[in-house]
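Chain nomenclature is as follows: A, B, C, D, E and F, assigned in order of appearance, with residue numbering initiated at 1 for each chain independently.
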Amino acid sequence: TPESAERTAVPGVATGLAVTGMGGEVLFVEASAGDGEPQLTLTGQLGEVMKESARIALTYVRAHAVQLGITDPTVLDRHIHVHVPAGAVPKDGPSAGVTMVTALVSMATGRPVRADVGMTGEVTLNGRVLPIGGVKQKLLAAQQAGLRTVFVPIRNEPDLDDVPAEIRDRLEVVPSIDVADLVAAALAPAEAAQRAA
Amino acid sequence: TPESAERTAVPGVATGLAVTGMGGEVLFVEASAGDGEPQLTLTGQLGEVMKESARIALTYVRAHAVQLGITDPTVLDRHIHVHVPAGAVPKDGPSAGVTMVTALVSMATGRPVRADVGMTGEVTLNGRVLPIGGVKQKLLAAQQAGLRTVFVPIRNEPDLDDVPAEIRDRLEVVPSIDVADLVAAALAPAEAAQRAA
Amino acid sequence: TPESAERTAVPGVATGLAVTGMGGEVLFVEASAGDGEPQLTLTGQLGEVMKESARIALTYVRAHAVQLGITDPTVLDRHIHVHVPAGAVPKDGPSAGVTMVTALVSMATGRPVRADVGMTGEVTLNGRVLPIGGVKQKLLAAQQAGLRTVFVPIRNEPDLDDVPAEIRDRLEVVPSIDVADLVAAALAPAEAAQRAA
Amino acid sequence: TPESAERTAVPGVATGLAVTGMGGEVLFVEASAGDGEPQLTLTGQLGEVMKESARIALTYVRAHAVQLGITDPTVLDRHIHVHVPAGAVPKDGPSAGVTMVTALVSMATGRPVRADVGMTGEVTLNGRVLPIGGVKQKLLAAQQAGLRTVFVPIRNEPDLDDVPAEIRDRLEVVPSIDVADLVAAALAPAEAAQRAA
Amino acid sequence: TPESAERTAVPGVATGLAVTGMGGEVLFVEASAGDGEPQLTLTGQLGEVMKESARIALTYVRAHAVQLGITDPTVLDRHIHVHVPAGAVPKDGPSAGVTMVTALVSMATGRPVRADVGMTGEVTLNGRVLPIGGVKQKLLAAQQAGLRTVFVPIRNEPDLDDVPAEIRDRLEVVPSIDVADLVAAALAPAEAAQRAA
Amino acid sequence: TPESAERTAVPGVATGLAVTGMGGEVLFVEASAGDGEPQLTLTGQLGEVMKESARIALTYVRAHAVQLGITDPTVLDRHIHVHVPAGAVPKDGPSAGVTMVTALVSMATGRPVRADVGMTGEVTLNGRVLPIGGVKQKLLAAQQAGLRTVFVPIRNEPDLDDVPAEIRDRLEVVPSIDVADLVAAALAPAEAAQRAA
């Protein structure tokens, strides 16, 4: 998967799955922390629901920093910028919640996200993963993009029956109920991060 | 009630009852306090009236912290985030007022809300519980969700006549006039909270 | 008057009179002061003119704190929240001005408003009471709600001719020109407040 | 002139002249300075142009405080509130500029405005008085309200020909070019202010 | 030129040229610096493009203060107010850029603008003068207003052919490419400013 | 290339390529840092997507200051103003991303951009260059403006086939994938900057 491997080579980038009028698609959530007024800047032509997803993700990560392995939580009080390319494509919906949490934790720990992992799922303020739509199209897009492991909300398991067998066979579909478990599985091991640092 | 039990297992989550075009429904109000600029962040596609309910709830809880058993009221001056999943469903109306008060007190005391409790009711700035609509549908939804105790505004008692006997028989309906009493009855005992801590 | 007695039992609540498409109505203005960023929060689906009334009332009370018997004026520099239930009913117009002034002074002095008192009138920045509309319907609503004393702008005295004699006989209508005099008459005596404290 | 005499009995109130669909009208500009965040609060359903007039007036008064006889200019850095009753009547246009300047200087010096004085005129950032419309209707309204002296922009002198002789005879019309001169003539003498204090 | 002479007699005012549906017109840009929150207040019913011109002008003047002869650049960090009378006339377009720069430098240096000078031209963030429209109407208005010297963008030189000879003969048209040169030529000599102080 | 040479003679200006209804066009992005509230001011009638491009560019440059050769990164925490003349022409789209990054780095290092260089490309938060539209028209505009070197996203290489040979022959087209490499090649050598200082 050249695209996702290049994109997620640096910490702070996670691979999500979206559905558009054109079918399923892979998208990348980028998170960055820097100087400047402490605030959350959101770019990528995000709709209201998707902006709320980013605020929910940030509150969740701040409140669960220790559990998520973030040793310096003050990074979350800096100026946080979350961007979702491509810049001119409007995007909306809550299903990027898990991707936003993962990108923020990757940024805050310095551990990159595994290159072959994609994910979809709404997140609550307590990290619970809620079901989303478009499972079939998303898995198809994941497979075409060369991903190997896809995290899907546990309550979407019934939708997997609609996914063609040849797609399912090439993907490891991991049902998610707690985003903290998803993050632990999706990030590259801490040692890898240290070597990269 | 598996859903409400899982959702309210952590402090800061209370179970409300709403009415949509599809009938009655159970919703969960999540409250979280964290670092960052002291302000109230509201997510879940809340309409103007429901946003005002959250501001009223926060002012009420701040002004009555001692009465409500909040030993460290400074938690209420942190960055407060109130979220009502599901993230893409628009929600409005004042009837989640008691649920917001309960979620905030649960968050501030660390005492979880009892798993089998649902509630509905507008709240004034002084904690008085005002009547709401849709009592019949809300009780039906509560019973279907496996709840046992439902708090309803005292001025809605006449509406209980319209509720089928088989629903009423399976629920303890508690008339509310002061939200402080409601909160005291809805939260798990303080000892339980201490054991969980 | 059970409703207004219960509502105004605590300091910070004053009973106003409004006119809606449904006729006259009693409304309650609630004021609360608390921690948090010093600002004025307004809830109750208030229209632009009614929001301006609240800002005018607060400026007037701040500038005349000594005259109004407020011994600790710093309470007016805290986070002030003014709410007008019911939360889902849109409200507008300048005629709640005197009610807002009274609620704020009651809040700042700790003296509750007399339970049998209603009021209506626009207020200027200097506390002058300007005439309003709907006198007939408002007095009818006041009488039906069991109020005994109603403050009405002095320039509305001609409108009293239209009020049926059986209504006027049961109400003491007090013409107002200076809101400071209205407040002095509407608040319960200071001793009562001290006993309650 | 009972109305204007009562309204302008306290410092901070100046009598202006406006034109509405109903003809000329007298309006009162009220200015107040108090605690709270230093900012300019504008109420009275003011349109964009009239709000800008207030900002221009405040900048002019701050920059010319010494010339205008303001011995404590720090009052202009407090929370300034400018209100134009009646609260529900929309108002717009630049012609209240001189009235706003006069109300602010009256507020800042403690000198009340003379009770029999009315005024109209746009003001520039340097205090120059620019012409306005509706001179005839405004003078008629001034005379009916019992005013004696009316300040009118010098460039409106040609419009005076249209004013009926019986109106002009009862008014002293003072042409204005510099608002500082207008203010000096419109305020009551400083001694009067001291006696009142 | 009585009007422009009176208007520009004080520092901080520069004479611009605009085009409206009514033809060319002279306008005056007024700049003032005072106490209060450091910010840029813009009045005169300015459209979005003209507001941006003011922000560009301020950034340019701040960045080139030394080159422009501003000995105390801290004046530019105060509360800056730029007003363009008349207050009720909507204005837009980028061609007042040079006028805004000139008014700001005049304000900051205390040197008044020469009374017989008018100007038009867009300004970039680096002070480059870009071409504008309506040269013919603007020069006609300048001549009618009694101006003698008019600054026009160098890239508008071809438009001068359309200007009637009798207009051009009465004006000195100065082509501009760098607004710093324009400012140096448009301000009265520093000695004059000192004598006036 | 007289125009781009003059425009880019000072640090902080970079030459971009845009497509309008009129075909390809050269545009200049100007960046300036100054005193005043730390914030990002954007002018030039920029649409939402283009404004987001500027925010993305600033976050990227702040996070990669060392790699980009910025020895004093505090300049990026000052008041940053990015302007894109001409002021009255609406502009939008993400393809000025690389130009904004280049202008900001030029401003922060004091190294001017090479006069014969143009560029186009969206930028992600990690500096990756994404493809854009209108390659053919942009190269035509670049050649007509006398540019010699044009940076184009590597993923736009297939579009080069559509560009007429006589255009391609006169331009060096450099495919870009990492904006840091683009910046290093587009800025004049550091010695030149020092000589100019």
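Please note the rule applied: a residue touches a chain if its C-beta (ideal position, glycine included) is under 8 Å from a C-beta of that chain, and two chains touch if they have at least 3 such contacts.
The model shown is predicted, which means the values in this text are computed figures rather than measured ones.
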| item | value |
| --- | --- |
| Centroid comparison with chain B (C-alpha atoms), farthest chain | E |
| Same-residue or different-residue interface between chain D and chain E, half as cut-off | different |
| Distance from the mean Cα position of chain D to that of chain A, given in whole angstrom | 61 |
| Centre distance in Å when chain C and chain D are each reduced to the mean of their C-alpha atoms | 30 |
| Per-residue overlap in chain F, given as positions that touch at least 2 other chains | none |
| Chain contact topology (line, ring, star, complete or other) | ring |
| Starting from chain A, with chain F taken as the next chain, the full ring order | A, F, E, D, C, B |
| Complex contact set, residues of chain B against chain C | 38-39, 48-49, 52-53, 55-56, 59-60, 62-63, 73, 76-77, 93-94, 97, 122, 124-126, 128, 130 |
| Touch list for chain C against partner chain B, complex | 6-7, 10, 12-13, 28, 30-32, 34-37, 41, 43-45, 79, 81, 83, 85-88 |
